[in-house]
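Going by the order they are written in, the chains are A, B, C and D; count residues from 1 in each one.
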Amino acid sequence: MGQTRHCKQKTAMSWPCVGEAGRTGDWRTLRPVVDPEKCVAARKGKIVCMQCWMFCPDNVISRTAPPEIDMEYCKGCGVCVQVCPSQAIEMRPEHAEDVAASTKEEASCDR
Amino acid sequence: MATNTLNLPEQEYMLPGNRACAGCSVGIVFRHMSKALDGKAIFVVPASCFTVLCGMYPTASVQVPVMNSVFPGTAACASGIAASLKKQGRDDLTVVAMAGDGGTADIGMQGLSGAAERNANVFFVCYDNEAYMNTGTQRSSLTPLGAKTTTTPAKGKMQFAKDLPAIVEAHDIPYIATASPGYPGDLYDKVCTARGISGTRFMHINAPCPPGWQFPTAETVAMAQLAVETGAFILFEIMDGKFQLTGKSLALADKDNRQPVRKFIELQSRFGVLDEETLARLQERVDERWRKAVARHRAEE
Amino acid sequence: MTVDTQSVSVITGNRAAAEAARLARVDVVAAYPITPQSPVVETLSKYIETGVLDAEFITVESEHSAMGVCIGAATSGSRVFTASSANGLAYMCEQLSWAAGSRLPIVMGCANRAMSAPWSVLNDQQDAMSQRDQGWIQLYCRNNQEILDTFLQGFRIAEQVKLPVMVCYDGFILSHTVMPVDIPEQEQVDAYLPPYSVHTILDPEEPRNVNPVTLANPRLNGDGVLCHGYMEFRYLMEQAHKEALDMIVVADEEFEACFGRRWGGLLWSYQLEDAEVVLLAAGSLAGEATISADMLRSEGIRAGVLGLRAYRPFPAAAVADALKEAGLVVVFDKSLSYGYDGPIRRDVQAALFEHRVMPEVHGYIAGLGGRDIKARELVDAARDSITWAEQGKGPKPTDWINLQL
Amino acid sequence: MAMNQIEQIEIRWHGRGGQGAVTSANLLAEAAYYAGFKGVTSAPAFGAERRGAPVTASTRLASAPLRHFSQVEAPDMVIILEGSLLTTANATEGLAPNGHVIVNTRLAPEELGLSNGYQVATVDADRIAEEINLRAAGVIMVNTAMLGAVARATELITLDHINRTLRHAFSPKAAEKNIEAARLTFEATRCAS
């Protein structure tokens, strides 16, 4: 990412961007994994249930069949696991090597 | 017909990768509020957890205009924006004041009372995580009896939370509601209702906080639902003075099958090992509020 | 004899402030009563209720909220107005800082009044002086015409340099005293003051988070541009104050072109050209000092007056230039920076030292809490200072005029 | 002294809170401005005014614009809206030796027992205001009537200046009533020399 120093702002005004706090996926110690065999939406191949999407506090789960979880930004809270009526999601430990590979930059706003 | 998971709009106004704590209920609250507002809102935010969620300069994690305000100034700032929009003939935007329990019931109370008395065209939302969570969990006037905070560290809070919706109701405003991130459809519907009304509208939202209440992040929604299922938090709306239970609370009233408060309390480490007397006082308080709410619902049905 | 001037009304300073707000076509007025400011918003409430002024009038529940309303309305595109005094101004304190930091061109009136405790509703300038470091431009007026004109200039300045302006005028002494004021026609004011244009964005079509948490160091935005940290914004605010030094003069010159009168820009003088002894003050006290200068001159003492119109930004270079021929400068302060004498005196002294202009500078505290000050008392003070200087007694401790311990 | 070169006259009004002394002081300033005084100021005694309590207001008239607003110490004229204030409020305090005293009273100037060479004028403004039913909030108001007495007792202003001032200050209907009060008072004012 190129760095330029052309800020023309007189006052502090922020623009929306994904990853405002950086790659919050790095916050995770546990990773949610969807079991397509159990997920109703995955099994039926259409938009049904969607409890995980509706309750995700971080808007990282898509409203798709099957739902997809954005691992760049999923903080691993596990709410989706709790709200899934079919017990289709489980939290698995992150692999040590994945954590090491992630970027630690403060502002890594990618749009 | 009540909104359910499948007819909630897909459009999102909160972006992934924000600064909120893992499992923060405010994310759920904001997502469904902003959907109900169709993004056509200006948010006014005092110092609070939501400030953090919105992000730091020069990046933002919400796709709605946000105006930050000094801590006690939310309602006044929102009043000013509402007046300004009126002068400009813009009636398509909802001005939403979005404050925490401290910013509403403590330092924000004077401003809220003033705005409500003037019936300012403002939708004031209090997301109540029951303490000053953004500054590290100090007690507020909405912290429940018995809860330990960093300023009630040993014995827990000695007083009950004050009845915020009742205080606001005394101002005779057109719409008051409560809502919970445990029931996003109910929350969504109420925000839609509020959006269609002019004048001061007020919403009190229960906002479970994993670090402050001390429960695992995965339990946020379960905690919100337990608050309602035990009657510790009651879902209702008051439209032009008429009180009605809604959603899960209405169903509970019909079947009279509330859970004991103990079930909600014991999952939160902030209550520590509650003595039976405090627990009984909490249960008694919940029962009393619940009885009044059900009686009022039936009287005004 | 009968005077024909139809545009002149005999009005109070508060009324002059309200007339200026009307003529500036303010969109939103926030009102909270405090003596001696209250008649300003009372007058505006009447104008708005009767349709003379098309504006939203918000009767807030506190001064803190008054400024909150102004901040919200100014950010979302409205020209705003409020006024306060003393404890009310102090109660706004954090909002004053927020308004300046947001670079909002809010113009407010401060009918200067003593700070409590003990209670006093009467005049001194402690209220405004105590807020001098909040980032607001502060302009002081010497009569009611200057009040009206300075408010109009205030909007022009504020909207150009994007800083809020506090128009300060002495409570009761001006706020409640009637005198002739030429009230301009609306068309004249419209020609002088362009319509308000907002620099912040609060629109769902272009969502922005205005005044979020800002970190100490610059930080990247989504496009890879390294944006300011907190300190950069503070530097820009200070630059705006420097820009205001010019703009205050420009606004006054433009005003003269439109209305045929001006007030001196940053400062004004009276009989200064050959003055050995210069009396220096801000507000109505400086007007009183011109009478004192006349009295001293009748005794053969070459006295003059330097009136401070802008206090923030402080016109250090202009003050030094104006005083470069003076032998003795006698500064009268209507407030105190406790533990370090009168704030104007100390600021003047620092400006002179910086510019290597070295007259003797003496300070007097006068008129606190409404204590009346007469021209002859300023003359007495000046005489004392002249004697002290002639005797070469060195630094003179700050004296209090008419102190009756 | 430079002060003495400024041609000016200082006037102190005495009334009670609610009698309109401050208003009439302001109106006098305006009328005097119309009369050609370039410098006019008028102000209440600073502070809180309470209904019924004695109040004062000061008017300063000068040939040149005024640069000073300090309080009036030694008035050249006192105007007293209610006779009893002459003694209870010590209304002649500081009055210049040949100063004007204008009093709303039934008594003739000579009956007031004022000495010091004062130029005394009296008028029963209460009766006039009563006759034409000049009231505000149910209370008889003599403040504007007393402007007529000033015009009669001095040469500072004329009835024309007063009329213009009152028309500027009040609604047309109220203005005419006040103008009538000032005119009747002008005619009824008795001056002693």
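Note that a residue touches a chain if its C-beta (ideal position, glycine included) is under 8 Å from a C-beta of that chain, and two chains touch if they have at least 3 such contacts.
Since the structure is predicted, the reported quantities are computational estimates derived from the model, not experimental observations.
With respect to chain D, maximal separation of chain centres occurs for A (centres as means of Cα atoms).
With centres taken as mean Cα positions, chain B sits 25 Å from chain A. For the pair chain B and chain C, the distance between mean C-alpha positions equals 43 Å. Averaging Cα coordinates per chain places chain A and chain D 81 Å apart.
Averaged Cα coordinates give chain C a centre that lies 34 Å from the centre of chain D. Among the residues of chain C, those in touch with two or more other chains are 201, 207-212, 214, 219-222, 225, 227-228.
Annotation for chain B: residues 54-60, 62-63 touch two or more other chains. Multi-chain contact residues, meaning those touching two or more other chains, occur in chain A at positions 7, 9, 12-17, 107, 109.
Applying the touch definition to all chain combinations yields A-B, A-C, B-C, C-D.
Taken in their complex, chain B has these residues touching chain A: 5-6, 8, 10, 12, 14-20, 22-28, 31, 54-63, 181, 184, 210, 216-222. Those residues of chain B lying in contact with chain C across their complex are 39-42, 44, 51-52, 54-60, 62-70, 72-73, 75-88, 93, 110-111, 113-114, 117-118, 120. Touching chain D in their complex are the following residues of chain C: 1-3, 8-10, 35, 121-123, 142-143, 170, 172-174, 176-180, 284, 287-288, 290-291, 294-295, 297-298, 370, 372-375.
Within the complex formed with chain C, the residues of chain A that make contact are 1-7, 9-17, 106-107, 109-111. By the touch rule above, chain A contacts chain B in their complex via residues 7, 9, 12-24, 27, 47-51, 53-60, 63, 70, 72-79, 81-83, 91, 107, 109.
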